[in-house]
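Naming follows writing order (A, B and C), and every chain is counted from residue 1.
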Amino acid sequence: MERPSLRTWVWGLLGWLTAAVLFFPIFWMTITAFKTEQGAYQPNLFFIPTLDSFREVFARSRYAGFALNSICISFGSTLLCFLLAIPAAYRMAFFPTRKTQSTLLWMLSTKMMPSVGVLLPVYLLFRSAGLLDSIWGLIAIYTLINLPVCVWMTYTYFCEIPAAILEAARVDGAGFWSEIRHVLAPMALPGLSSTALLTIILSWNEAFWSLNLTSAHAAPLTVFIASYSSPEGLFWAKLSAASLLAVAPILVMGWLTQKQLVSGLTFGAVK
Amino acid sequence: MDPVSGTMRSSTLPSADATASMPGVEKPGRWRVLLQTPSVVVLLLWMTVPLALTIYFSFLRYNLLNPEVRGFAGLQNYRFLWEDPAFFPAIRNTLVLIGSVLVITVGLGTLLAVLYDRRFFGRNAATLLVIAPFFVMPTVSALVWKNMIMHPVYGLLALAFGKLGLAPIDWFGSCPMLALIIILSWEWLPFAFLILFTSLKSLDAEQKEAAQIDGANSVQFFFHITIPHLRRAMSVVVMIETIFLLSIFAEIYTTTSGGPGTATTNLAYLVYSLGLQQFDVGIASAGGILAVVLANIAAFFLVRILAGSLKGGH
Amino acid sequence: MRPTITLLACSFLASLAGAAEPAGITIAAVNNPAMIELKKLSTKFEAANPNLKLNWVVVEENVLRQRVTTDISTGSGQFDLVFLGQYEAPIFAKSGWLREIKDTPASYDIGDVFQSLRDGLSYEGKLYALPFYGESSMLMYRKDLFAAKGLTMPDQPTYDDIKRFAAALTDKSAGIYGITLRGKPGWGENMAYLSTLVNTFGGCWFDLQWKPQIDSPEWKNAIHCYVDLMRNYGPPGATANGFNENLTLFASGKAAMWIDSTYGAGPLYDQKESQVADKVAFANAPVAVTSAGSHWLWSWSFAIPKAAKSPDAAEKFALWATSKEYVRMVAADTGWASVPPGSRKSTYDNPEYEQAAPFARVTLKAMQTADPLKPSLKPVPYQGIQFVGIPAFQSFATVVGQNIAGALAGQMTVEQALQAGQAAATRAMQQAGYLK
């Protein structure tokens, strides 16, 4: 329906310009991963690429182990978050009461304690519970950390769905689960997709608890990266390579599910 | 009607309470009411137990490295923090940091969301590029910005400035706060963009057409349709980002270590520096409690502001 | 969605399986080149001891310190072997958290390990850690730039010499800075170097009554010297420069002089990593009023927590990794220039080492003359050259470092910075119970 016009070109140019500017640091980090250490801090755009850094990184650490841990912990905690958040958000969005708002705000306030202040009590708790250096321990912590965000975002997206449609489905005789599956989920898909993505990323990149509560067995990729950030000596190329490897599983996952992701994120207006 | 959330949704559609009394429609069953219980219980446990422990420790003299010194400390830990000359600068820095990053991310995020709402060539790919900064670990982001981009001797910005004949800026020496704000805004812009962009998707196509028929131009459309629609999403972004930015730590630790002087010390870093760094559980816990109290005060005012701005216009 | 769920399920099962690994030794280590090399060669140890598996946790120094201290002081037993240095060892040993190292085999030759290092790692005469490598500080400079200006570096330079040289060598338009020094705030960052500077100007951290001395005339002279040098002849952005940033600066040819860890010599000598590999020379750390405490002493050393789950195996590995045989193994693998420096005298007696590593002689002299028990001209109640061996030090020293960085950045005068530092130290010492 739209004619490709000058306006479209202008938007395109603007869009790509902003994307380029925002992406530039990551682009620079990516090409640094293929440079030698000596060339890493020189501003050359063109150079002879080498896989030395990647080879070194793979030789030094058990990358697969870290990646597997990250996947388990991030996806596990996100799943748990959703299991807890969706019912709560459903209740609060469609059957709100006077206490709903204060409950939401209270949930968010649980995140106000800075981790540095509560590290030692939690560490001692985990030690007593035998949860140190365990995947389930980290899943538990991440679920608790991300639950408020998950509930808030899901609640927001549920709010944008007109209640009348759900009521209509109910009047038509739809049971609770078919209401969820056939009416609510498709309409909330963009919101749920972006919430899932953000929650996974938040867990993936969380560096404070993962560094302090794990040692040999449950360490995720953030610990892997920590062995490359500011060691004594030059490390830019290796750090860039390690960072790329740390982001790689998510990118692969995103690429494999891109159809659902893109359709989820760019789903057209609801009607 | 919830001031924070309910205005947009319930204005033209019957609310749940109203339908409940309509003939032929069931009242929400009790088990639906209990749906939010597991979340609440879990969060209650999580909040109470560590919080109680932290409060308990904050009244003790408890240094991990000095097991001989134990005992009740009363308010001494709190006083140690409160009377520190860096305490009020830290609060000020925290507020400045949060405020600046919020303004930049929500403002730019809205503009970007509107821009990307239009169709243009390769829009999906560009969207992925814009979201990319959120994928990178904060520590790595900070290191890349500090050493590869902002370093006044071998960073890229210094090179660019040099080519233009200007003196390079010593980012972390002369304007450390600004440098930190730039880094944090870059990290959080994708988050704001994603939420606002997704929220824009639910803007009625009918409303768009109606506005076009009415002859509204883009600017009017933006201010009278888009922004009000995005209000709820914006308030969510503001609340979530505020909570995260309150306890920003990794970026400061990596780049400036809170300095020079106390220019970039925020409350979380102060707690780390005075408490955790010397493994004093008492001081660290007291700092945590102080941070919670201050955060609650800030949140109280924030909700007031947001609720106020949301009430108007409908 | 189905493939994702299958993947998830497999991951969960795999993680459960992974939890049932054979028991081994968990080692907490720093991520520097010597350690990386040790990790690589440790496969030989595993081959010789088939039922001992090594689990490595390798992180950056500050993170390591936090992890290790939290673990050891709460007796969590997460680690069997940890790396620590002269700061932690006496503190941990005093509380009885470390296993004493005694009855080492004669072939290990514990007397070969530098006495100064062993003193720093002991408590009440008993040794609690085995040094893996040792470091001190020295001056690294560009002999080509010196030759071009007709300057010669004396064997023992003074800070007056340094000022002279820096003035002559700085050429900011060509991007050459006369000197670069640490500026990043932190007790182990800028304060490590500045402690040695203060020492050599005749100052100290505390007098015998534990009263902080940060506003003393010696501190003022030292910090004025530092700030003047850096403002006039140093690179921009100094307050964010730690060891790594300065190494990058020097290795890319932008600095003429650099006073820092002897450990920096190795990477500077590596052709793959440094542009100045053939142009760098070494001298003793500069002195001012006295040579006491003019260069620091540190060794990353193996210690075994009392709560370790496999202490005997841990000790076996520690002895293996700090032995003469290990040094020879590294030499065979990557050459003599990169063997663990500064720990054993026998390394320095070896002519091959002297040949491969021109920095050996200066390093040896530095290691032998650094005395952690007598760090200053004046009598002091603490031990440690670039630190004070009390728990509260990490905190207030960082605050002092922040203030000095503020003075360097021009936000306050040196006097103001030192006053603020003095106040912070006094408060901390009162809180910790040293002062009334």
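In the analysis below, a contact is a pair of C-beta atoms (placed from the backbone, for glycine too) under 8 Å apart; a residue touches a chain by one contact, two chains touch by 3 or more.
Since we're looking at a predicted model, the values are computed, not measured.
Undergrad: Could you tell me which chains make contact with subunit B and subunit C both?
TA: Chains touching both subunit B and subunit C: A.
Undergrad: Could you work out which chain's C-alpha centre is the most distant one from the centre of subunit A?
TA: C
Undergrad: Between subunit A and subunit C, what is the gap in Å from one C-alpha centre to the other?
TA: Comparing mean C-alpha positions, subunit C is 37 Å from subunit A.
Undergrad: At what distance in angstrom does the C-alpha mean of subunit B lie from that of subunit A?
TA: From the centre of subunit A to the centre of subunit B is 15 Å.
Undergrad: Could you list which residues of subunit A touch at least two other chains?
TA: Residues 41-42, 119-120, 124, 226, 229-230 of subunit A each touch two or more of the other chains.
Undergrad: Which residues belonging to subunit B are in contact with no fewer than two other chains?
TA: Within subunit B, residues 64, 147, 154, 275-276 contact more than one other chain.
Undergrad: Going through subunit C residue by residue, note those that touch at least 2 other chains and give them in order.
TA: 66, 70, 74, 248, 252
Undergrad: Can you tell me which positions in subunit B touch subunit A when the two form their complex?
TA: Within the complex, subunit B touches subunit A at residues 2-6, 8-9, 13-16, 19, 24-26, 28, 32-33, 35-36, 38-40, 42-43, 46-47, 49-51, 53-54, 57, 64, 112, 115-116, 118-124, 126-127, 129-130, 132-141, 143-145, 147-149, 154, 156, 159, 186, 189-191, 194-195, 197-199, 201-206, 232-233, 236, 239-240, 243-244, 246-247, 249-250, 254, 267-268, 271-272, 275-276, 281, 284-285, 287-289, 291-292, 295-296, 299, 303.
Undergrad: Using the touch definition from the top, list the residues of subunit C that touch subunit A in their complex.
TA: Contact set of subunit C toward subunit A: 1, 3-4, 7-8, 11-12, 14-15, 18-19, 21, 24, 26, 28, 30-33, 36, 39-40, 55-61, 63, 66-67, 70-71, 74, 76, 78-79, 242-244, 247-248, 251-252, 261, 263, 266-267, 272-275.
Undergrad: Please name which positions on subunit B make contact with subunit C in the complex.
TA: Residues 63-67, 69, 76, 80, 83-86, 146-147, 151-154, 168, 170-174, 255-263, 265, 273-280, 283 of subunit B touch subunit C in their complex.
Undergrad: In the complex, go through subunit C and note every residue touching subunit B.
TA: Spelled out, the residues of subunit C in touch with subunit B are 66, 69-70, 73-74, 91, 95, 175, 184-186, 189, 235-240, 245, 248-249, 252, 254, 391-395, 398-399, 401-403, 405-406, 408-412, 417, 420, 423-424, 427, 431-433.
Undergrad: Quick check on the complex: what are the subunit A residues that touch subunit B?
TA: Subunit A reaches subunit B through residues 2, 8-9, 11-12, 14-16, 18-20, 22-23, 25-26, 28-29, 32, 41-43, 84-85, 87-96, 100-101, 103-105, 107-122, 124-125, 143-144, 147-149, 151-153, 155-157, 159-160, 162-164, 167, 170-171, 176, 190-191, 193-194, 197-198, 201, 205, 207-208, 222, 225-226, 229-230, 236, 239-240, 243, 246-247, 250-251, 262, 265-271.
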